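Per-chain residue numbering starts at 1, and chain names A, B, C and D are given in the order in which the chains are listed.
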Amino acid sequence: MKRPIWLKREHLRSIIFDDDTPAGRRFDIVLTIAIAVSLIILFIESSPSLPYWLKFSLGVLEGLLTVLFTIEYIARLYSAESRRAYALGGWGIIDLMAVLPPYLAFFLPGARYLLILRSIRFIRIFRIFRLFSFLNEGELLLQAIGRSFHKIAVYFLFVFVLVICLGTLMFIIESGQPDSAFRDIGTSIYWAITTLSTVGYGDITPATPVGRLLSSFIMLLGYTLIAVPGGIVTASFINTTNDPVRNGRCPRCDAKVRKGDKFCSQCGEKL
Amino acid sequence: MKRPIWLKREHLRSIIFDDDTPAGRRFDIVLTIAIAVSLIILFIESSPSLPYWLKFSLGVLEGLLTVLFTIEYIARLYSAESRRAYALGGWGIIDLMAVLPPYLAFFLPGARYLLILRSIRFIRIFRIFRLFSFLNEGELLLQAIGRSFHKIAVYFLFVFVLVICLGTLMFIIESGQPDSAFRDIGTSIYWAITTLSTVGYGDITPATPVGRLLSSFIMLLGYTLIAVPGGIVTASFINTTNDPVRNGRCPRCDAKVRKGDKFCSQCGEKL
Amino acid sequence: MKRPIWLKREHLRSIIFDDDTPAGRRFDIVLTIAIAVSLIILFIESSPSLPYWLKFSLGVLEGLLTVLFTIEYIARLYSAESRRAYALGGWGIIDLMAVLPPYLAFFLPGARYLLILRSIRFIRIFRIFRLFSFLNEGELLLQAIGRSFHKIAVYFLFVFVLVICLGTLMFIIESGQPDSAFRDIGTSIYWAITTLSTVGYGDITPATPVGRLLSSFIMLLGYTLIAVPGGIVTASFINTTNDPVRNGRCPRCDAKVRKGDKFCSQCGEKL
Amino acid sequence: MKRPIWLKREHLRSIIFDDDTPAGRRFDIVLTIAIAVSLIILFIESSPSLPYWLKFSLGVLEGLLTVLFTIEYIARLYSAESRRAYALGGWGIIDLMAVLPPYLAFFLPGARYLLILRSIRFIRIFRIFRLFSFLNEGELLLQAIGRSFHKIAVYFLFVFVLVICLGTLMFIIESGQPDSAFRDIGTSIYWAITTLSTVGYGDITPATPVGRLLSSFIMLLGYTLIAVPGGIVTASFINTTNDPVRNGRCPRCDAKVRKGDKFCSQCGEKL
C-alpha cells in the first residue's frame, strides 16, 4: 500500500468497477446519462432535414462524448485487476465497441451507426439500482429458453418449410391478377410470414376469393401455431419450478436421487 | 343515537357507503349511470362537427352533472367515518379527480379531458352487482403479475435494447430508398416495436428485399418473444395454485414447514 | 306396436333423431349438405352485382330449401318423444330459428340475414362422424373457461378503463394535427383497442413523435397484457388435469377428502 | 462379397443413405446445397421483369439440376436395400416429387411450381448436423399437439360458426355505406377471420360507429380466444412431463399401474 501509483490504480478501480462506494455510484449514473445522450444525438442526427447549426452542435457534442468514452475505456483498461481478462471479456468488448465507431467512421462512413451498440451498455443500469437479483432472474429466463431451444429449432424448421410452400401456393393463385402485389415468390413468402405471425401489415393482401380462402386458412393456422412456442417456453418455466431433481427424482428414469448427486446413479443422466 | 345531527350523518353514510341497504343500492346505480352519461357527453363533445344547439345542451348537461358530483363529493367527505382517511385514501382521491377537472378548465382549457378519469369510478360497478369475490380474483391476478414483475422488467430491458438495434439496422438498410417511410432512427424504432409486438399497422413497411428478409426474421422473433411474458405469467398463475408452502415445503430450500409458519425455519425465506 | 300411426311416428323419430341407423345417418348427411347449400346461396346472394338469371334461380333454390326445412321442423316436432321438451329445448329453438327468417322477411326485409343462424346447426356435424367424445372435450373446454370467468371479467373491466384513458390521452396528443385520423374520442378508443389487441389495422395511425412514443408504450403493454388471459385459461386447463380433488385433497383447505365426497368435510367447499 | 455388381450397389448405398462415412456426409452437404440453389432459381425466375440472358442461364442451370436429381433418384432406387420399401415410403415419394415437376411441365405449364416441394427435402439438413435428438423433440412436439387435437378441432368448429355469424352481422351493419369494403358476406367473413386472429391487414375496415363498436368487441374476443389453443397445447406439454403414468397412476381412473403396463388393469385405458 506504499506504492502511490498502485494505490491510484486501485482507487480508480473502486470508482469505475465498484458500485457500493458513493464515488462509484456517481460514476455509474454519469456514464448512463452520457450513453443516453449519445444515443439521442444519433437519433436526431439521422433525421434528413436538420438546420445547419443543430447539425454542427450535435457533431461537436458527439465528438466530446467520444473523447470522454475513449478516456473511460483507457481508464478501465488501466485500472482493471486483470487487463487481459477485461479486454477479452464480454463487457470489455462491448465497451470497446462503444468507443471505436466514430474512429472507424473516418474510413467507413456507415460505421457511425455502430454507435447504436452503445445501447447494450444500458444493461449496466442494473448496477445503479443495485438490482442484481434482476440479473439472476434474467439468467433463469435464458436458461428456461435455452432448455427449450431444441424444440424451438425443430419448430422453426417446420415453419420455414411451411412458409415456402404456402408462399408459392399463394403466388400461383394471386399472380395472375392485374396489379397484384404478389410480384414474385420471395414477396409471397414474405407475405406468408407476415400473415402467419399475425403481424399483417396490409401492404400485400389477397384480392381473389380463392386467395382469401387460403389466407383465412393460414390465419387460423397461425392462430394455433402461435400457441406452440408459448407452450414450449411455459412448460420449461414450470419445470424450472417443479424441478424433478428437487423432488428427489431423476427426470429421465424416475429413480430416487440424493440432494448432492450430480448424475443419476441408475441411468447416468446429468442432473 | 340521540344526537340528531350525528344520526343524519350516519344515515347519509349508510346511503353513500353501504351497498346492502335498498337506498344504498339505488344510490350506487344512479351514480354509475351519471358517470356513464358524463363520459358519453365527453365523447360526443370531442367530435369536431357538432351543431350549435347540441354543443350547448351537452355543455348545460355536463355543468349539471359537475354540480351533482361536487355535492356527492362534499356529502362523502361529510359523512365518512374518518374524513382524513377518506380524503387521503385511494377512492377519495379518485372521487376528487372526478370532480375537479371542470373547475380546472377555467384556468387550463386542456384540463377538461381529465374528466376521463371518471372512468376509473366504473370499478364501483362491482358494488352494484355485489361481486366482491371478483375483486378478490383481481387481487390474486395482480399478485401473480406482481410476483413475476422482476422477470418481466428484465425481459423488457432486453426488448428495449433489441428494438433500438433492430430499428437502427433497418434504418441503415431502408433509408436509401426514395420516399422511404423509414425517415429517421426514431421512426425505425417505432416500426420495430410495431413489428415485434405483431401489431403491424402497415404505415411503415420495408420495400427492399434485404429489408423484407430482416423483417421476416423480426416477425418470427416476435412470434417467439411474445411467448415469454405469457410463460412467465402462466407459471406464476400455476404456482399460485400449486403453492409449495401449501404442500408443506419451503419454496427456496425445500425444507418441511408447518402450516402456520411465516418464515422457513431453515433458511428464513418469507412464506 | 299394433297402432300403425304410432309406429310411423316412432319410425320417423328413429330416422330424424337417431344416428346409429343407416336411415338416420343418411338423413343427417342430407341435412348437413342442405344447410351448407343454403348458407352458400346466402353468401352468393349478398354480392351486389349478380346477373338476373342467377339471382332468380338462387331465389327459387332458397325457397325450395325453406320449404324442406319447414317440413323437417314439423316432422321433428311431430315425432319428438316429448314435443314440449323439444320445442322449448336448445336444439328445438335453433331448428325453429333456421326455418323462420324467410317468412319473417315478408314483413321485415332485413330478417333474411337471420338465415345465418342456420350455421349453428353445423354443430350437428359431430353426429355424422359419431364424434361424441369431441363434444365431451368441448364441454371440458367450456368448463375450464367458465371456471376462469371471474378472473377474465375483472381483467376486461380493467382493460375497459385502460382503453378509455389511453384513447383520450391519444386524442389530446394527436387531434391537433391537420387531417388527423383521431377525429373524436370514440375513434381514439377504437384505435386503442385495435392497438392493445395487436390487430393493428393501420386505418388510424399516430403521426406525431409523442403519439408514436405513447403507441410504442401501448404496444408493449398489449404484448404483456395479451399474456394474462392465456395464463388464466392455461392455469385453469392444467388444474383440470392436476385436479386436487383427484389427488384426494380439498382445493380450498387442503384437508383429505374421499372419492365420493361432494363437499369438503372440513370447510364445506363444493368439490 | 465377391459379386462386384452387388459390392458396387452396397458402396453406393453407403454414400447415399449413410451419414457416418466421410463420403456420405459430403454427399448430403452437396445435395442440400443443390436443393437450396434450385429453390433460389425458382424464386428468381418467378420475378416478371428479368433480362433475357438471366432467364436463359437460369433455365439451363435448372435443367442441369433436374438431370442431377433424376440421376440421384435412380441411384437411390437402385441402391436401396428394399427398392419397394423406398419407392413407396415417405422419403421415396418426397424424392420423386422433387424430380417429376420439370418433366410434368412439358404437358402442364403450372406443374413447374411443384418444384417447391423440394423444400421438404430440407428436413434432411438434420442428417448433416447429426441432430437426430432434434427429430425426437419434433416427435414429442407432434405427440403433444396430436393429443390435444380433439380439443382443438372442437374449438375450431366453434370459431368457424362464430366467424360466419360475426361476418354476416358486420355485412348487415356496414354494407349500406357508400364504397364500403364489406362487399359481400364472403368478404365480411374473411374480415372477421382477419380480425379475430389479430392479423388485421387493414384492407377492409369498419367505417360506421356501430361497426367499430362491434369490431372492438370482436378484437377483445379474439384477444381472449387466442389464449385457448395456447392453453390446450401448454397443458398438453406439461402433461407430457408430469405424465401420470410415470407417477404410477392411470390418467383415466387414477388406479395404480406398474411400470411395464401397457393398459390400465382397472379400466383398460391405453397407457
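List of remarks:
Simple rule for what comes next: a contact is a pair of C-beta atoms (placed from the backbone, for glycine too) under 8 Å apart; a residue touches a chain by one contact, two chains touch by 3 or more.
The structure displayed is predicted, hence computed values, not measured ones.
For the touching copies chain B and chain C, the fraction of interface residue numbers used by both falls below half; the interface is of the different-residue type. A repeat of the A-B interface exists among A-C, B-D or A-D; more than half of the contact pairs are identical by residue number at A-D.
Fitting chain C to chain D on C-alpha positions gives a rotation angle of 90 degrees, to the nearest 5.
Chain B and chain C have Cα centroids separated by 29 Å. Rounded to whole angstrom units, the spacing between the C-alpha centres of chain A and chain C is 41. The set of chain C residues that touch two or more partner chains comprises 186, 189, 198-202, 226, 230, 232, 234, 238, 242. Every residue of chain B that touches chain C in the complex is listed here, in rising order: 39, 42-44, 46-48, 110, 113, 116-117, 119-120, 122-123, 125-126, 133-135, 137-138, 140-141, 144-145, 152, 156, 159, 186-187, 189-190, 193-194, 196-203, 226, 229-230, 232-234, 236-238, 240-242, 246.
Residues 198-202, 230, 234 of chain B are the ones touching chain D in the complex.
The touching residues of chain C, counted against chain B in their complex, run 150-151, 153-155, 157-158, 160-161, 164-165, 168-169, 171-172, 175, 183-186, 189, 195, 198-202, 205, 209, 212-213, 215-216, 219-220, 222-224, 226-228, 230-232, 234-235, 238-239, 242, 254.
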